[in-house]
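The data blocks that follow each hold one structure.
Below, chain A partners chain B and then partners chain C, in two separate complexes.
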Partner chain A sequence: MAEERDEAVITKDEANFDVEDEVQDWKLLNKSLTSGTGIPKRGEKEFEPDGTNVQIDSLQESRNAMYEALSGVRGHHLKQKLVGVWDVENGRCIVPHAKGNYFRDVGVPVNIGNKIRGGMSLNPLETVYLVERGSMVIYLGNEVYSDFLQSNEDGIEFDYDQLVALDLEFLYSLAFNGKEYSIEKYQVYAYLKRLGYLVQQFKPIGDKDQRTKLAERKTGTSLVNTIFGYVDHILKKNRLFEVLKSKLHNWGILAAPLFHGLHFATKHYFNFTDVFKSLSLIQSYSTYDSIKEDPQPSENYDLTFNVWRPTPTFSKKNPPLPDFQVSVVNTDVARFPNLETIQALHNRLNFQFKGEEGKTVIPRVKVVNKKKSSMPPSKKELRYQRQKERQSKLDEAIQKRNQYNKVRDNKLKYGSDGRTVVIATVNNGVLNFINITEGDFKLQKNMDLDDIYPGNDHGIIYIEST
Partner chain B sequence: MAKRNNKQQLNKIYANALPVTLSSEKYGIALPNLFPHNPISWLFYLVRLVQVNTLYSVPQSTVELVNVKYEDSIFKVTDEESIAKLWRSGFFGKGTLSRSEPTWKERTINRLNLEENEANVVSMEEVTSKRRDERKKFKTERSKLQDLELKERKGDISADEAIQLENLRNVVPNLRSANFKPGFGNDNKDTVIRLEDLELIESNILIKNLEFLQLQAIEVFFLKFALNVVQVSNLTMKQLFYECCLLVENSPSPNVTNKFILDYVVYHHYRSLGWCVRSGVKFGCDQLLYKRGPPFTHAEYCILIIPNDGKEKYDWFEMAAKARVIGTVKKSFVLVYVDFPTQAKFDLLWNSEEYEDEGQRFHDILHSYKVTEVLYRRWAPSKTRD
Partner chain C sequence: MIEATGGSIDIEESFKAVEIDSTSIQSNQQVILDTTEIPKILLPLISRNGQPEVLIFNVEDIKRLRDKYGILGILIGTLAQYPQQNFFLSVPLKLFIWEVIWLVESGYAQLIDQVNYRLDKAKELQSKGKLQNNNVIVMTKKDPNSKSASQLESREANFIVTPNTDSHKYSKDYRTICADDYEVSLKDYLKSYIESTSLSQNQVRSYYQNFKYLKKQGFFINPGLKFGGDLVLYPGDPLRFHSYSIVKFNMVDLQDFVVGGRLATSVKKNIVIIGDVDESEEDGSTEEVNDEFIQSLAKEPKKMSFSIEWSGFG
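What follows is the complex of A and B.
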């Protein structure tokens, strides 16, 4: 342990490793296109030219692979052709016949006249996304089309070729208005969609906001607490007690009060935990405090998206609580938010308090990939296994203590029941995502920790030596 | 097993979390356990409490205050015993000629092979330099290996070089995992005595200690206000506080948002929760939090202090830069916003003449500040999908 720990070691560790930092290897892409085995792995970076034919050949091979990949014919079956019409008036896209697998999270169902049954109305972000990935053809709506929609004649198919087909450039200029639907929001939307997330525009889920819910949670203070509070109040305010106390101090019978110059010289302490308790002085924010204050966000910040991990049971009509809630900002316009804005965002989140009953909750069961792998277990897995074995052999009291420390560390690091907002910062197309979480190092009244060791001052990190 | 012994040794050296002597440590006494539902235990406790208070004097009442000199805007502790006490009980200060723990004397005795050098201890600095040497060796061998591999690819490798390449392929991976273990003494290196060393030695004994312990302003004020274990030159607590404020901002009386005060509020907050708090300048932040202290574990949290004045102090680039540095050394980034009282309220408390004890004044002043913690973590969406 005494060996020096160089803290400035830069390691390519699991936690910070991001596949996006690697270069695309086109060779692997082609292989996967032909054999169809999912997303290809990225290749190693090549460094400076070393003058060997080996390197030149492998570069050329990569280039050819790229050309080949790009020259592949892209298209869709005529039967699956998805058509959308841009509704200029409302700035949305109408999809008369929604087909394909895209509408699990995309679009709002619409019916228009007797022509459109089971159609979809898409917002500009959704529209551009589907068109850009080549999944939908879009036409510019006009009077002929709206007349068709309003007409009552049955059985007539509309010939879309009489409308102007929109190219991407045209669509971009129609879709993005800079404010509600900005290009930054689109970039974040498209990125998350491409990764497979389910994304919708932010909206409150459930009929109650956090404030109402928190107020309902609060039960009245117990009678005992009220009495204690009252006695405490009298003792503190009464002049007579004050005089008596200071006299007792002077005679050396009672210890000097906390933070009095003589306090430590007049009071016996038997452990450091008590010393730390006596030093408690600075007021600190406790989880959920800001809900009572109703802070307001600055104009640059608002919640933009609800984001879910892909789940087969997702229901657009009755969505579960989002896994992530994202606020998109442009770094040219917005600086890092002040505390009030952060708290305002936290307060506006879709959030469920602990123990709150709700029909929207689907317990997240972590599905561990149990695929039989031919690979030997990784070092990480081995270490985990060994640690688990070692743990189970330990004394029960020690296991409990280790469990406590683990729970507490997680609460410090990821927030104690706290709320998290993701802020997606966009700088001319480059994205960065940041979790902003409510912290609470004092861990006052923490139920999870109370379950393990009731009534501890959980925030005091010092472990008494025995 | 060496590791465990080492840990036990560390626990022994750093047994005290703060430079306060406990009654249990000094007299080996303890109060009996108190069981709320058992009145006999109450009685027993009370009797013992009275006993302790009458029979034993409180240890801190007889301990001498540590002398801190305030010179040239620097807080110095020069007495060796005091230095050891402040470093070992809570890791206060920094040795001016060392990385953190003052080890200059030890290292010099070791370097000059003087008589006191019986324990033959190896200091942290020596461990580091040894390890860096080994790392350098690994890197040169690796680059040799890479050169030879390139030659092999080009096809103009000689037979000799091919053998060398094979050798290196075996050797290099081992070099990488090689790790210098401390514990054994200097390997009989020749002692080089420089001219200036002569001033330090007299009949093979070191007679001077050029190093002193330098304390941060927040550390000094904590030792004075919270624990009352130091005397700083001949400054009163209020004078000391004002001097500390002057170090950052020149004003006739302290501003509520003076950087020293904000720093101190946060420092006190974490110290009172049992964290070991040290400067975070090496990582571009204000403070670092250690669970026990530098010899035990790495710091886990980096603290950035921001006054909660409604302003947006940093842009996203500045924050990203800090977060990246902190992330690469595997620490967590904590923003601490500090609420402060109005200047009028501060001045009222600052100038009040009602306090018979200065500690009470600063209790009231500091109690009107409040901290709010916000955690900053990068999200990599590509990794959290499943």
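What follows is the complex of A and C.
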């Protein structure tokens, strides 16, 4: 995993080009729609108007293509008819007969009166998304409809044509009339949904937050577990001696030969690690420290969405830990977050401590099986292969050291404890996504690093050759 | 290294290249002002309880905004024909604050309280029994070698749709009702906008005047967060032309200078900083959004700008 990550995170294509950065040429869309060649990547553009008819015509063509696409039909076949009714009072949408694949992550199940069994209640974001992509039609609820819901007569189908069918404009103005759901949140929601992610409003998963979990880890039964776990961990790797030795080293006992007279006297240094250790005068901060202090976030920052990669095993009732947790921020409203805010966001994340047994977590099924492509391996793959070969020829101790360095560097680069919050910044309709993780130079009690060099002080870059 | 290209060039000079474009736009505007018969575009104002938003759903309006006034906006909706991608989006077209002020201040458009207008209208329709949804249509595959017109008519409606906007909208009746009873003043719009953001009155005024100044030069303008700026300038319609400038309204220190210059150069653009020539003119600072403030938006104070490029020697 570590190796893959090292290569994959920063993708640099030919010239750092991101298609979404540019305004698209709509001419290409209609062409590709009719020919079925997929989404066009990049149109040909010019640098300045030159007043020629060629240019003017070509611009007009692009514009017309765009207007045509915008006037396209939004809807679905009557056979798959999906109806929602907007409840003005509660600002939500009721879907009496929820069917289709859309409800894997969308909606909360509801039963109303004896008319609606197994219906869904959707928040404004979900409602607008489904209607906008043409998968649902929506009507404006009124007294007639609520009377129908409360009535006891059986077997009557409701005629929705008694109600006003909402056009998109009407729906938007109703859905975003409240304070809680803003257009910017919707933009982020729809952006992720269009990419195929499963998105839900942020909520804590499981019944315990990080604070209680951390406290439990430190007391009672879980203490015993930790000790057993640790002993087990050591025994399995046959490293009892190494660990003991390093512990004794740490306490200054075995730093000198066994029967040396200097034991328990003034500190003497017999290796560089100890020297470095005593030189680290500045107190360092461990990432979990802030959980105990419980800093409060500023009002403009809050966790907004739980996001999962598409997975066939997703269960709305019992969701796994989210792959991403997103906070939506308007740059006109919020300033750069201060330390307390960042810590508060991290502490409120749905997060599982290392070695914690989670009942709610279903092992993730890998959706994308690596296809054996007939294509020759890419340059990157070749480079990776060659690197691997070179590595395998090295001395085992050196291999181990390289591995250790790589893991540690990644911990500093991508965060040492895996707590990441994605900040989605929005300004005047333009989106940008930023990851914030925690770096920790001290790297105390880090299991991943302990696996390679047990008992080492991972905060010290120097590796003692023994 | 940073160099202000050609020293402190006035931005006017670099605009000569697009003169053709700007004059054509201005002559357009002239025509519109003369023929007062063209009704104002109604800008639906949404989300008045939070940060107010102007979203356009009517494709005719979008056309007019783009073709006549050079107002681009940003499409934020899902394109139903192609719903799983983010490259081509559809209605609504979101206008950003400077575009809204510019349109209203220039007399091309007026703001409408959309929720209340639509709710009242729906009530009226239902009480008069005039309700007709007409949302089921005949959808045919584009198959050139079949289906004559008569065959089409005989087919049963099979597709249920949600239109962009209300189709009854353009009756005369509607226009008068709408304009009179549901108009929202620019003052109210700005008041709630400023309340919901951390922008100050003076910032709003100064930034708007920057926008207006650049708009007057004939540029097409989009918001600039993608490149870390406030605006992105295009010499013509971005459907056809590359952008070459990122605009920043203020810079804090020299580091910003370097960062901005480097970034802009790496995306083949330059960075333009713009501000007032005479800072003291800002003394009319107002505590609240009142009529005076609205009037002061129309002023055209002298602006000065610099263009910055990262110059990597060699």
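Just so it is clear, the second predicted complex is superposed on the first by the 318 of 466 C-alpha atoms of A that agree within 3 Å, B and C clash if a C-alpha of one lies under 4 Å from a C-alpha of the other, contacts with A are read in each partner's own complex, and residues count from 1 in each chain.
Just so we're on the same page, contacts are C-beta pairs under 8 Å (C-beta built on N, C-alpha and C of every residue); 3 or more make two chains touch, one makes a residue touch a chain.
All values reported here derive from a predicted model rather than from experimental measurement.
Of the two partner chains placed by superposition, only chain B is touched by A:E340; chain C is not.
In the superposed model, A:T52 lies in contact with chain B only, and not with chain C.
Of the two partner chains placed by the overlay, chain B and chain C both lie in contact with A:T331.
When the two complexes are overlaid on their common chain A, residue A:K413 makes contact with chain B while staying clear of chain C.
When both complexes are overlaid on chain A, the residue A:E89 reaches neither chain B nor chain C. After overlaying the two complexes on the shared chain, residue contacts for A:Y285 are found with chain B alone; chain C is out of touch. When the two structures are aligned on the shared chain, A:V422 is found in touch with chain B, with no touch to chain C.
Contact with both chain B and chain C is seen for A:N432 once the two complexes are overlaid on the shared chain. When both complexes are overlaid on chain A, the residue A:D395 reaches neither chain B nor chain C. Within chain A, the residues touching chain B in one complex and chain C in the other are 16, 19-20, 51, 191, 195-196, 331, 334-335, 425, 427, 432.
Those residues of chain B whose C-beta lies close enough to touch chain A in the complex are 3, 6-7, 10-11, 15-18, 20, 22-24, 29-31, 52-53, 56, 58, 60-61, 124-125, 127-128, 131, 150, 153-154, 179-182, 225-229, 237, 265-266, 268-275, 282, 291-292, 295-296, 298-299, 301, 306, 308, 310-320, 323, 327-330, 332, 334, 337, 357-360, 362-363, 366-367, 369-386.
Residue ranges on chain C touching chain A, taken from their complex, read 17-18, 20-21, 44, 46-51, 53, 55, 57-59, 62-63, 66-67, 74-88, 90-92, 94, 96-97, 114-115, 118-119, 122, 125-126, 131, 133, 135-137, 139, 157-167, 196-199, 222-227, 234-242, 244, 266-267. Chain A makes touch with chain B in their complex at residues 1-11, 13, 15-16, 18-20, 50-52, 54, 191-192, 195-197, 256-273, 275-276, 279-285, 298, 309-310, 324, 329, 331, 334-340, 342, 412-415, 418, 422, 425, 427, 432-442, 459-463, 465. Chain A makes touch with chain C in their complex at residues 16, 19-21, 23-26, 29, 33, 39, 45-49, 51, 55, 58-59, 62-63, 66-67, 69-79, 81, 88, 129, 131-134, 137-138, 140, 142, 161-162, 164-174, 176-179, 182-184, 186-187, 190-191, 194-196, 330-335, 425-432.
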